[in-house]
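These are the structures in question, set out in turn.
Below are two complexes that have subunit A in common, paired first with subunit B and then with subunit C.
This part shows the complex of A and B:
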């Protein structure tokens, strides 16, 4: 059951990612990215990270991508025009990419130690309580530093967006 | 019983009840609005217009499904599907009552429980923006596009105060699961006042309740925040170009969202299925008394039926007998542990739905800049302060 779900949503994620590149219209690409994020959320859920899965949906799919979509709609970005395809694309690029993918897969297969793969349902520390505990004890310094960095980014955005200073 | 069979049964029952209720919610809304405006409302189809939802449904289904020429077809068709799917999915985490046992089967009144139930609802409602935004964009019409843009900006803005208001009761109950949230609100202060979060001990959650309700109006695109479909400016907003079943899908999604958000408010603030006062003082008999009162009203008016409305001589006594039968159901000991909690849950949810309709009949629409200023400069700071005070109260009272 877990393996079936994993294969289904992994396939959806890959298909959406390919579609993201292939689509010519920015809105279709943005929606494909939402599809990738949604299927990633399901993969997190399979690994036992239910809090991360929900946050992935709320923050990435629900807030950030909506803003992307909003900006694309507001600017009324049209479909990009197809440029003439280089002749070498089919002959060289596609085999090269495929070779690269096969190489990566082979290397991972060869290097990864046997029997240490992820097992579905093994990890149980993905609830809100566990994540909150570790964020505010073990990882308190990185957490606070990240929040300050984000705060600086927000202030910068506010300053940049102001009409008169 | 097999888990899968039980889940299928419950899912079927839930879908049937929810969709029927959504159809009748339209009737309730039209009736309440009509009475606010001193009109009778739908009256022609069936007694007191009770068959109006059915005839509306037949009308919508049998209409020609028109796809305008300039739309991007895939997304145009995808948007209503997405809207209705997301609206129906979010109801699965709502528990309508406690665990009960019937015919030797122990189960919960409600489909499932997630340990991230509250976040799940938030995620589904934030994904719901896509339906309106895509629908508005794919229609390739200026009114629809403006509606879609307005709705995405509005829903992002109001999600923040909504989430902040929702965190406060979660802090008190210390859980994200709806079942545990409702269980945490059982019991009574001084044996009389219910321990609902709206009456929480050191710092009552009245402010977060009001903030959540205001944000809920905006999230479901209801008056006074119905700018995405403001008919005076935008014809019908994001669903201007939709007809037939696709329009019906948007319509169903809107009403299903109202039902879900009212259920969530009930569970977060109003104590879920827990009664208003202890059962030692007879709160179990409230539904029976109410239904008896309704039956009495039916019989009284049946005796006074006006000559021009001959149909009432038949429909009022039948209504009276049906309500008497319902009152009898609440007295059967086997059904009592299911029906009485469900009554309290339904009563609170229906009251909130009534408030939604009441506000629609009362308040005028916001202007767009007022809407944004209200969200960011008033609602958001108030929600933050409320959350901080709640956190302080929780930190001081828990050992």
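This part shows the complex of A and C:
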């Protein structure tokens, strides 16, 4: 059952990611990215990360993707135009990316811990209680620094979106 | 187990528990697709979405390792990655709006005023 759920949602994630790269219209790409994020949320649930799965759906698939769609529609972005010239990066980049993927997959197969595998319900330490306890004791300083980062991001967005620049 | 599942499932040679390496390889595949989108797309918004895809792929391996180590630290890391991604999206989309207002284009090859 676990393996079947994993394979189903992994296949959906990979298909949506391929669609993201192949589509020329940004709205189709954005909707594919929502599909990737939704299936990744299911995989987080399988790994015992209830809180992360909820945050993934609310923050990523909800807030951030709505921001993306908002900007795409605001700018009235159209599909990419076809270019005639053969790009050199197509000749160089495809073998490089494939080599990277094969190398990383080989290393993972060789080095990954041979444990009992992932079973749903074996690890239950990813709920909101555990996350909150760790966030407000061990990771209190990074948490506070993050609030400053967000403050700077708000200021930056306001300054950049003014009319005069 | 499949015995209480309403539809009789076909007897596939699937393992009872998913190996951790499957999650890590899925993460590597998604990351490579993100790199490919970053390199091949010319729309500035699609390039930005490929970066988000790469961040998601890394989050998946963080959560997988958190499962393996039975520790909540990986979840905290991916939580911080999500927070930074939200801040990055706000600033990046503001930059894209400014670029579009000044150049009237979203093609990444036409925004090349820094090229010598």
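Just so it is clear, the second predicted complex is superposed on the first by the 138 of 165 C-alpha atoms of A that agree within 3 Å, B and C clash if a C-alpha of one lies under 4 Å from a C-alpha of the other, contacts with A are read in each partner's own complex, and residues count from 1 in each chain.
Note that a contact is a pair of C-beta atoms (placed from the backbone, for glycine too) under 8 Å apart; a residue touches a chain by one contact, two chains touch by 3 or more.
Keep in mind the model is a prediction, meaning the values are calculated, not measured.
Asks: Subunit A residues in contact: does subunit B have more, or subunit C?
Replies: C
Asks: May I ask you to decide whether A:13 touches subunit B, subunit C, both, or neither, giving the answer as first, second, both or neither?
Replies: second
Asks: Of the partners subunit B and subunit C, which touch A:54 in the superposed model: first, second, both, neither?
Replies: first
Asks: Kindly classify A:31 by the partners it touches after superposition: subunit B alone (first), subunit C alone (second), both, or neither?
Replies: first
Asks: By the touch definition at the top of the document, which applies to A:89: first (subunit B), second (subunit C), both, or neither?
Replies: second
Asks: With the two complexes superposed on chain A, say which partner A:67 touches: subunit B (first), subunit C (second), both, or neither.
Replies: In the superposed model, A:67 contacts both subunit B and subunit C.
Asks: For A:43, is the partner it touches subunit B (first), subunit C (second), both, or none of the two (neither)?
Replies: It touches subunit C, and subunit B stays clear.
Asks: Which holds for A:105: it touches subunit B only (first), subunit C only (second), both, or neither?
Replies: A:105: touches subunit C, not subunit B.
Asks: Does any part of subunit A touch subunit B in one structure and subunit C in the other, and if so which residues?
Replies: Residues 51, 55, 63, 67, 74, which sit in both footprints.
Asks: Show which residues of subunit C lie in contact with subunit A when the two form their complex.
Replies: These residues of subunit C touch subunit A: 1-2, 5, 9, 12, 14-26, 28-30, 32-37, 39-43, 45-46, 48-50, 52-53, 56, 59-60, 63-64, 66-68, 70-73, 75-76, 78-80, 82-91, 93-98, 100, 102, 106-107.
Asks: Can you check the complex and tell me which residues of subunit A touch subunit C?
Replies: For this pair, the touching residues of subunit A are 1-4, 6-7, 10, 13-14, 17-18, 20-21, 24, 26, 29-30, 33, 36-37, 40, 43-44, 46-49, 51-52, 55-56, 59-60, 63-64, 67-68, 71-72, 74-75, 77, 80-81, 83, 89-90, 93-94, 97-98, 100-101, 104-105, 108-109, 112-113, 115-119, 122-123, 125-126, 130-131, 134-135, 139, 142, 146, 149-150, 152-154, 156-157, 160-161, 165.
Asks: For subunit A, which residues count as touching subunit B in their complex?
Replies: The touching residues are 25, 27-28, 31, 34, 38, 50-51, 53-55, 57-58, 61-63, 66-67, 69-70, 73-74, 127-128.
Asks: Spell out the residues on subunit B that touch subunit A in their complex, using ranges where they run on.
Replies: Touch residues, subunit B against subunit A: 72, 75, 114-116, 119-120, 122-123, 126-127, 129-130, 133-134, 137, 145, 148-149, 152-153, 155-156, 159, 176.
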